[in-house]
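Okay, so chain A shows up in both of these, paired with chain B first and chain C after.
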Partner chain A sequence: MPRLHASAGFGALLALLLIIGFGAWRYDGFISEYNILTVLRYNSMFALVGLGMCFVIMTGGIDLSVGSVAALSSVVAAYLSPYGLIPGLLGGLAAGLAAGIINGFIISKMKILPFIATLATMLAASGVALLLSNQQSVPASYDTNFMALGQGDFALYAPEWVNGEDAGFFGAVIRIFLGFPIPAWIALFAYFLGSLILNRTAFGRHVLAVGGGEEASRLMGLPTDRTIFLVYVMSGFLAGMAGVILAAQFGAGQPIEGVGWELFAIASVVVGGTLLTGGKGSVGATLVGTLLLGILFTVLNFENGMGWISLSAYWQSVLRGGFLLVVVILQSRLTRSAAAA
Partner chain B sequence: MSSTTQNAPSPVPGSVGSRPRGGIAAVLSRRHIGTIAALVALLIFNFIFTPHFATMQTLSVNLTQVCVIVIVGVGMTMVIATGGIDLSVGSIMAIAGAFAPQIFQGTLFPVPNLYTGIALAIVLSITVAGFFGLFNGWLVSSFRVQPIIATLILYIAGRGIAQVWTNGDLQVFKVPEFQQIAIGRVFGVPFQVWIMLALVLIAAWALQRTVFGRQVLAVGGNEQAAWLAGIPVRRVKRRVYVISGVCSGIAGLIVIAMNSAADANLIGMGIELDVIAAVAVGGTLLSGGRATIIGTLLGALIIQLVRYTLLANGVPDAAALVVKAGLIVLAVWLQRQDRA
Partner chain C sequence: MATAEPFLSMQGINKSFGNIPALIDASLEVREGEVMALIGQNGAGKSTMIKVLNGFSRKDAGTITVNGAPWAATSPEMAQRGGISTIFQEINLIPFRSVTENIYLGREIKTRLGLLDLRAMQAGARKLLAEFDIDVDVRRPLGEFSTAIQQMVAIARAVSFDARLVIMDEPTSSLDETEVGVLFETIRRLKAKRVAVVFVSHKLDELYAVCDRVTVMRDGRTVAVSTMADMTKLQLVATMLGRDLAEVRRAGATAFTEGTRTIGEELLSVQDLAVGRRVSDASLSVRRGEIVGLAGLLGAGRTETARAIYGASPHEKGSIRLEGKETDFTAPADAIKAGIGFCSEDRKHEGIIPGMSVRENLTLALLPALSRAGIVDESRQREIVLRFIKEIGIKCSSPEQKIRELSGGNQQKVLLARWLCMNPKLLILDEPTRGIDVGAKAEIQRLIRKLADDGLGVLMISSEIEEIVEGSDRVFVLRDGKMTAEFDGEAINEPAVMGAMAHGHGEVA
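Coming up: the complex of A and B.
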């Protein structure tokens, strides 16, 4: 079985590389600094939400509330942004954390199925976001450096010479590295931590054990309820972070944004090869899955830019759905042949 | 989701709760008491505190609000009864709703006259919706894809198909003959309410009294046992998704008939959550094996009445969302206590 899991994650990585290769071969500017940084900046929010979802799904649960929690935290962060970067950030994170704690409580203490519990908090978070914002987007402050969380980078700190004509390859690497958007740094850091937590801590092993068999884990004396509680708290926290980035990237708290994020996140996790039944999964593969689904959109834009065909933005969802279909059928085949072997 | 095994009901369908009985008793069995009590309490509260509550107009408004949710809920209840879920209902509504006007307006192919066009539009759109349901069922039964993922595919792609098909344009029409299915009245009650009631009664009867209905519950109660007992598990699963697709198709037609316009971007947007909430509040087990169509109707009515009560008494819609969330958690929690 580990082989199967590894092969699913590997397949996603291969597909990502193939698409990037295809883009680089077909379109000018696909591998440009600008395009890479745009893709990373925009998809960092989805990557964060996907990471939380990955942990939740590994315990065999699901978190439908991530989109509206992100919307709520973007509103809170935007309200607090005039006081500076830190208050905005902390406010947004606190909103996400609160939602996560409520989810965790309902699921682990009241024993309500995750699907229904998080459906309810999804509605509630959306309601609170609309109430707080009076159903309008809340402009974030440009006077403080809050916007850096969504739009900034460290390019200012780059040494003079890398921007010159003769910077060479090494210079370009440093330039891109420092030009990395701050939200992408946040996402990378979160994935690094997430990977450590999953593979190197007791909690990470508990997550997989609970997903593999909740009752068996309980009988073995593992703290199942606490583990389940914590994954939802984590998912809420990461959704909160995504909300802060959302507010900073678009310059406003968006109470009605985040619709469908949860399903996009689930799709990324599945494309990355994490089994929805829980018990198995990989943090890195989820990142690959997010980038894969995100990059399809970029490819579509570039294809339209070629002028040969004009596919409306609506094709994006058809393509994503078709892509998910292929992955799901392949996974089903793999699972069956693994079971037969 | 991994906790489904521990609260799975007895593998023998029908052995939980009361056995099927005749008449009203079967329809309103004991397990509806809590739901009905909540509904009655809401009604009494409204009779006392909400002005102009006891009017035909209020009744009409509230019933038309729940119609679409209940119609989709009939199919959803069947799917959930097998232990599945159907997230694609809203997208299938959009497909049916985007497809139908093109037929009765004759833009897709020439139709001899309006009535033939309308008949074709209704039949073809619902058939197409049924085929999309079959696609879901095929993924779930033949590829053993988890229902939430299988239907997620059409949730994402289905609306896209409808949008691509119509180029995302709003199709406005004024065809009163077609719109009768939503706004026409029989005995003063909107026609769509009659459609809803007919579907609810047929489905409630089918679930309780037909072999197919018992098979649905058996598959949801314990799939392995059902298979060993010789129940065609895969066929049963395929069929419930087809039923869900057909119900979504009907709902899509009603929505466009009400609005006198079809907008692929909006038809059925987010309805899957309202429907699942109604099913859960109604007392259907989300892990499968125990289902009640009447409960879904009651659940949808309760959610709508709560919303109406709050709105009529000056509470904003956003706050109603929070209340709705609390209601869902409370209802499901109470059901848990009841079982324990």
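Coming up: the complex of A and C.
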């Protein structure tokens, strides 16, 4: 079964490489520094939300509230941004954390189905965000360095020569590395930690055990309720982080953003080969899944740019949905044939 | 080798669920290094006894001492820490996770940094399994291995908690013969380590092969404790079923009366059937107007045989003929079309739809025939429902009453009616009177007799020996998946049937 599991993640990686290859072959500027950094900057938010979702789904749960929680945190962070980067960051994280704690409590202690519980918090968080913001986007402060969280990088620290004419390939690599957007660093760091937690801590193993058999885990004496509680707290916290980046990237708290993020996150997780029923999954594959769906979006934009076709954003949703369906069908086929073997 | 003080002593245990007593003054004693068989029919209280011991349920009254000290586990993990591990009937491990993880979940070995020490855990798992002569790649997911290996891993995990008592709830139900051999070897090793074992099984041969003593439970009470050597299989079965050997007679404890007995030509014929692990060689036949009893201990393969006839499970070998024609059912729908009805033993989960009315429940299977272009012919539906309510005496306030508000007996009647309104040729009844009070039981039994007299073929599975003996025109006995005896007419009596259930042949030992 790990072979199957690896193959699901491997399949996503292969698809990612194919689509990048396709883009590089078909479109000018697809492999430009500008495009790469834009893709990374924009998708880092989804990557964070996807990571939280990945842990939730591995326990066999679901968190529908991530989108509105991110919207709420973006509003809170924008309000606090005049006081500086740290207050903005902490405020946004606190909002996410609070939502996560509420979700975790309702699900693990009051035993409400995750779907229902997070549906409720999704509506509630969205309402709070709209109330706080008066249904307007909340401009973030340009006077503090808050925006760096969404738009910044370390390019300023680049040595002179890499920007020179003859910097060559090596110089470009260093340029991209230092030009790496701060949100992408945050996401990378989160994924590194997430992978460590999943693979090398007891909590991570308990997450998979609970998803693989909640009753069995309980009978084995594992802290199932605490494990379930913590994954929702994690998911809320990461959604909060995504919200902070949202506010910083677009220069404003966005109370109506985040619609459909939960579905995008679920899609990334599933495309990465994590079982929706829980018990099996991979953090790295979720990152691949996020990038895959994100780059698919970029490819469609480039295709529109070519002028041959003009696909609206709605068509992109249709295509992504179809793509997801194919992956899920393949997944269940593979699982079934593995079970039959 | 027996110590004076038993390792485990449970005395005067009472436990009720709601108003229904599950344990009444029950007791169990197990000595150090002893393998104790715990047997009894379904509902005898074995599982409740185990759950009270391992902290899953709370006892209402009674005392439990372990090693002389009062025992107060309130959860399975507490029991485990106190030295009592339970291996549940369904293996309660995580198939997706590796063998190592399954052994170490909940007590992981960590490095100084607080991270998991994978290498140490893998080495530990290998060493532990080596004690049981198991050599597998401990990094592979548990689900890749055979049920026996999984069972062994569960046992290894249980033992590695320094268990002093291991409870095994039907550990062999999913194992084949060689696997059972490995399990027995494991039990002997545990015994050699002075670990006590409580072994729950319905397979008598296994009990004699591996157990030292036996505790028999019936109706929530402990009715016998004996060394295995001092009890014959027949005595064991008689004690389990609550029949006094000397008094076993055709006494008339049930409402099956002598009918008109117009037994017709052969309706169903099953030859050399093999189904999964449970049924290896079953043959039987049912004729029109005949009630055929299918007897056997739990796990003997009765339900599996019935499910195969009904097309709910595929059979690997043998033939099933209905009215002389070989059947080829791939789903119950085919069997229903061919005129077979099946009342499952699990009325709650496989029978009634609690939130629906009597009318809807009764005509559920008939709906395709009742509707034209998807529209249900409601006047015909109503007519049929009213007819059956009257004919078989279903007590309900109206056809629109929710079925969950009815008594068990009336629910069962609705289920019978559900099949009867399809005009079946053959009705398979799995434990038709389980969980039904005495009065309603008699009514159901009379109804079954009447149906047979009207020409229906009935195949009846029952764990109640008197129901089988008095209600059947013919009896087939299954033992460990094999049809071992057939009794007809006068030859049907309790000692004979019980003898066949215990030994596999009709004579009293």
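A few notes on this one:
The rule is simple: the second predicted complex is superposed on the first by the 341 of 341 C-alpha atoms of A that agree within 3 Å, B and C clash if a C-alpha of one lies under 4 Å from a C-alpha of the other, contacts with A are read in each partner's own complex, and residues count from 1 in each chain.
Here is the rule we use: a residue touches a chain if its C-beta (ideal position, glycine included) is under 8 Å from a C-beta of that chain, and two chains touch if they have at least 3 such contacts.
Since the structure is predicted, the reported quantities are computational estimates derived from the model, not experimental observations.
Of the two partner chains placed by superposition, only chain B is touched by A:314; chain C is not. In the overlay built on the shared chain, the residue A:325 is in contact with chain B alone; chain C does not reach it.
Looking at the shared chain after the overlay, A:216 reaches chain C, while chain B stays out of its contact range.
In the superposition on chain A, contact is made by A:280 with chain C only, not with chain B. Shared-chain residue A:206: touches chain C; no touch with chain B. Residue contacts after overlaying the shared chain place A:62 against chain B, while chain C stays out of touching range.
In the overlay built on the shared chain, the residue A:267 is in contact with chain B alone; chain C does not reach it.
Shared-chain residue A:122: touches chain B; no touch with chain C.
Ranked by how many residues of chain A each touches, chain B and chain C are led by B.
Across the superposed pair, chain B and chain C both touch chain A at residues 211, 213, 215.
Of all residues in chain B, only 1-6, 85, 87, 139, 143-146, 148-150, 152-161, 163-164, 167-168, 270, 273, 276-277, 280, 286-287, 316-322, 324-326, 328-329, 332-333, 336 touch chain A in the complex they form. Chain A contributes residues 59-62, 64, 106, 110-117, 119-124, 126-128, 130-131, 135, 210-211, 213-215, 259, 263-264, 266-267, 270, 276-278, 312, 314-322, 324-325, 328-329, 332, 335-336 to its touches with chain B in the complex. Interface residues of chain A, counted against chain C in their complex, comprise 1-2, 196, 199-202, 205-206, 208-209, 211-213, 215-222, 279-280.
In the complex of the two chains, the chain C residues touching chain A come out as 75-77, 80-81, 86, 88, 92-97, 101, 105-106, 108, 110, 114-116, 118, 140-141, 143-144, 157.
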